[in-house]
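In the part that follows, the structures are each spelled out as structure tokens.
Look for chain A in each of the two complexes below; its partner is chain B in the first and chain C in the second.
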Partner chain A sequence: MLAVGTLLHAKHLSRSPLEITIALLVPVVQATLAVYLFRSGAEPHRLLEAAVGAGLMGVWSSVLFGSGGAIQNQRWQGTLEMIMLAPRPPALVILPITLATALTGTYAMIATLLWGRLLYGIRLDFADPLAFAAAAPGCVLGLGMFGLLLASTFVLLRNANALANTMEYPIWLVSGMLVPVTVLPPWTNPIAAVLPTTWGARAVREAVTGGPVWPSLGICLAISAGCLVLGAVSMSYVERRARAAATLALA
Partner chain B sequence: MSALFRLVGIGGVLAYRALFNWTTPGMFVGTLLVGPLFQLLFFAYLGRQLQVADDRFYIVGNAVLAASLACVFGGTMAVANERRYGTLGHVLLSPRSRTAIFLGRALPYAGNGLLIAVVTLTGGSLLLGLHVPVAALPGLALALAVGALACGFFGLALGALGLRFRDVWLVSNVSVALLLLLTGVNVPARTLPAAMRAIGQGLPITHAAEAARRLVAGQSLAAAAPALAAELAIAVAYAVLAAVLLKVFEIESRRRASLDAV
Partner chain C sequence: MTEWAIEADGLRRTYRSRTGWLRPRRQEVEAVRGVSFTVRRGELFGLLGPNGAGKTTTIKLLNTLLIPTAGTARVCGHDVVRQTREVRRHIGYVFGGDRGLYDRLSALDNLRYFAELYGVPPRGQRARISALLELVGLDGRERERVEGYSRGMRQRLHIARGLLHEPDVLFLDEPSIGVDPVAARELRRTVAGLAETGTTVLLTTHYMAEADELCDRIAVIAGGRIRALGTPAELKHHADGRRVLEVEAYGVPDARLAEIQDLPGVREVSVETVGAAQMLTVQSDAGTDMQSHVLGVLNGIRLGRVTARQPTLEDAYVSIVNAHRPEKVAA
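And now, the complex of A and B:
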């Protein structure tokens, strides 16, 4: 059910020219920005990290806005009641949507890597290509599970996009997707430590530059699994509450 | 004349309240105040780490740029949401000047953009410890206002595309991303290729950011005046472009009977 649902929603998202173009163009602009910043700064040798970091930022944006819109889009399409009527736990119905947003977010990663290779001649010299091949999808899976927790909190909010808009840059910043967490104020460290995005980004970066990929990936997936459980419980609770208050389909 | 001011002023405010998606307090604070502040912090810390430029470069630049989100998406909403809510036909049935109706709509967004820029500058300065000379404040307010106005008309010109194209949000999203790259707010313009620099010269924010940086660096208003004049000229150019596009696309969509096609 999860696989079929994820495929269905990934196909659905991939049918939207708007979603696809934004998923491809915006990360490419961000990758270009990152490349020029790294070139003009003290780190011109880290262009591959810049391209991968910009790609990860795109994956997060896709998960964030996809999860924020997962419930709202179903509301607008008039299908929210139908999917909540299905004789399955609500988390199992919504998780494929958030996984699909993470999956389509990989378009961003592919786009930034291709853009960097073709336009700026960035060599795709991954320190550990096998680990990268595991870390990138692992990170995507982790973010998809984290998305369920986000989606469950967004059920009760009519304007979930406000929260989604607010969370884009903070997570990019605190997770060290482009800015190393070491340059951030110390009080951000505990926040970074509990976010799966931090560990996912670290795993992918270590696969690119060298380092212990597997512990970071393991922590990312462990935190994400925790988010999945929390999200499932929260989703069941808020779904029941929304049905009791008759606010499920209020757009 | 008073009828014209009424149309531009009250009409603009009414349209702002009806069509701007982010007028609820939660949406306004979350999207328009907190978001740009974190954007500023993101680039300031990235700039520190890469040693591209100092904090002042990023705080002032991103504060000027902060107006763009409200203005670009606001301008798009000012036109595209009329179509989405099914009220575009009613507006175009009015015998009043289209130019006055729509150009008046850019003004509340510009005011909104100015407020956001001021909040972002204040927040960024307090968090990162930037001292802005008191003498620079009037000129700085002028630079932020002119930048916001240019952005408002730029957004309206993009919004005009909503009369012709269905996925106008795509244009807005990509435009906001391009402003990040091409205006020299986050990447020093000298490090960009000549073609990108040339495009940036024709975009809003570029000159306003330059003027604001000069003022915060302690230079006089006279030193910032050429950049301010360039930004004002760009604002006028986008206002004219928006008026022309709105006129052309209105005629075209009435001829093709596609006014309310969504």
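And now, the complex of A and C:
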């Protein structure tokens, strides 16, 4: 059910020209800015990090807006009621959507890597290609699970996109997707430590530059699994609230 | 196993909304105000009522999408609040309109997804989907994206989706809305066929002919309450002792309508706009010939066809609904 649901939702998302354009263009613009920043900072060796980091930002944006926006979209399409009517735990109904948004977020990663290679000649010299091949999907899976927790808060709010907008940049900044968390103010460290995005980004970066990938990936998946459990509990509560408050449909 | 497929007892539902941030205003709308009825297994039960009467809210209370503010309901013996998942295993839900499908996916993908979601065993999915596509006449078009489908085709896909898991109880919420007459006839045939195979159907509709043709029993709901319940033949008795005059007219002002309403012997006056014309339906006491009086009031107004006839289920419905409205001229 999860696999079929994820693939069909990914197929549905992938056929939206607007969403695909945004998913491909925004990360490329961000990657361009990062490359020029790193170049002017005399850190040309970090250009691959810029490309990968911008790709991760794209995955995060896709999960964030996907988890909130997709559920809002389900409402607009009138499909939210239909999927919530399924005799399944609500978490199992929504998880394929959040996994699909993470999966389509990988388009951003592919776009930034291709853009870096073709336009700036950035060589894809991963320190550990095998670890990268595991870390990137692992990070995507983790973010998809994290998305369920976001989704459970968004499903009750009719204007969830306002919340999503305020969360996009702070999270990728605090998670160290582009710049390491060590250069951020110390008060951000505890926040960064509990976010799966931080550990996912670290795992991917370590696969690119070298470092202990597996512990970071393990922590990312462990926190994400925690978010999944929390999201599942929350989703059941939220579904009942939504039935009481009549927020599953538009009217 | 209980003989009832649906049992509703004193269902009530209040919608609460809040607008504004600085000075929030709270509003409460009582959509359903104590609805009670039962539907036998295999029965085709109609819920008729004007817009805003509480039909859709009642259906959503029964199919677990809403939690009642008060009252209880059971579907196939399961409580809709406490045994949500059991209820969902037994029901299908189809609503009218364009929404509710994944437009950028094909009909086949839509059905595959919902088959997984509704727990259709993987081994039987292909055969079930093929059978349903054939039933609703979409075989051969199943690989096309839904966004290219006509409204009628979407509606048929909705029905196929609602039947995927072979539900014991099917809720049809205005399934023929916006569907052309030919497609609507096909739809009625499909619904009648379902009832013949033992599926319990709860149907809401605006179309009296549809309800008359299909339903074993009908409940008329208005203002959140059931105003009448019975077989179509029983409901028609609400218009006994009346006769009906239909007048096609153009540009009848409200004052003239009020004048007709005030004529001695007139029970109800309703107006339906059909293109540029207005169709006036005047119900009066059977012993009174109103034609000359009504035409007298309409003197000077361009008129079309004028017909006198016996009351139908629709007239009975109008009389039931209007009896609970403050004003008597229904548009």
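Just so we're on the same page, the second predicted complex is superposed on the first by the 249 of 251 C-alpha atoms of A that agree within 3 Å, B and C clash if a C-alpha of one lies under 4 Å from a C-alpha of the other, contacts with A are read in each partner's own complex, and residues count from 1 in each chain.
Keep this in mind: a contact is a pair of C-beta atoms (placed from the backbone, for glycine too) under 8 Å apart; a residue touches a chain by one contact, two chains touch by 3 or more.
Just so it is clear, the model here is predicted, and its values are computed rather than measured.
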Per-residue touch tally on chain A - higher for chain B or for chain C: B
First, second, both or neither for A:240, with chain B first and chain C second: second
Intersection of chain A interface sets (partners chain B, chain C): none
Complex contact set, residues of chain B against chain A: 22, 24, 26-27, 30-31, 34-35, 38-39, 41-42, 45-52, 167, 169-170, 173-174, 177-178, 180-181, 186-188, 191-192
Residues of chain A defined as touching chain C within the complex: 1, 4-5, 8, 11-12, 15-16, 76-79, 81-88, 93, 240, 243-244, 246, 248-249
Chain B contact footprint on chain A (complex, rising order): 17-18, 21-22, 25-26, 29-30, 32-33, 36-43, 159, 161-163, 165-166, 168-170, 172-173, 178-180, 183-184
In the complex with chain A, residue positions of chain C that touch it: 15, 63-67, 85-86, 88-89, 91, 93, 95, 97, 99-105, 109, 112-114, 116-119, 145, 161
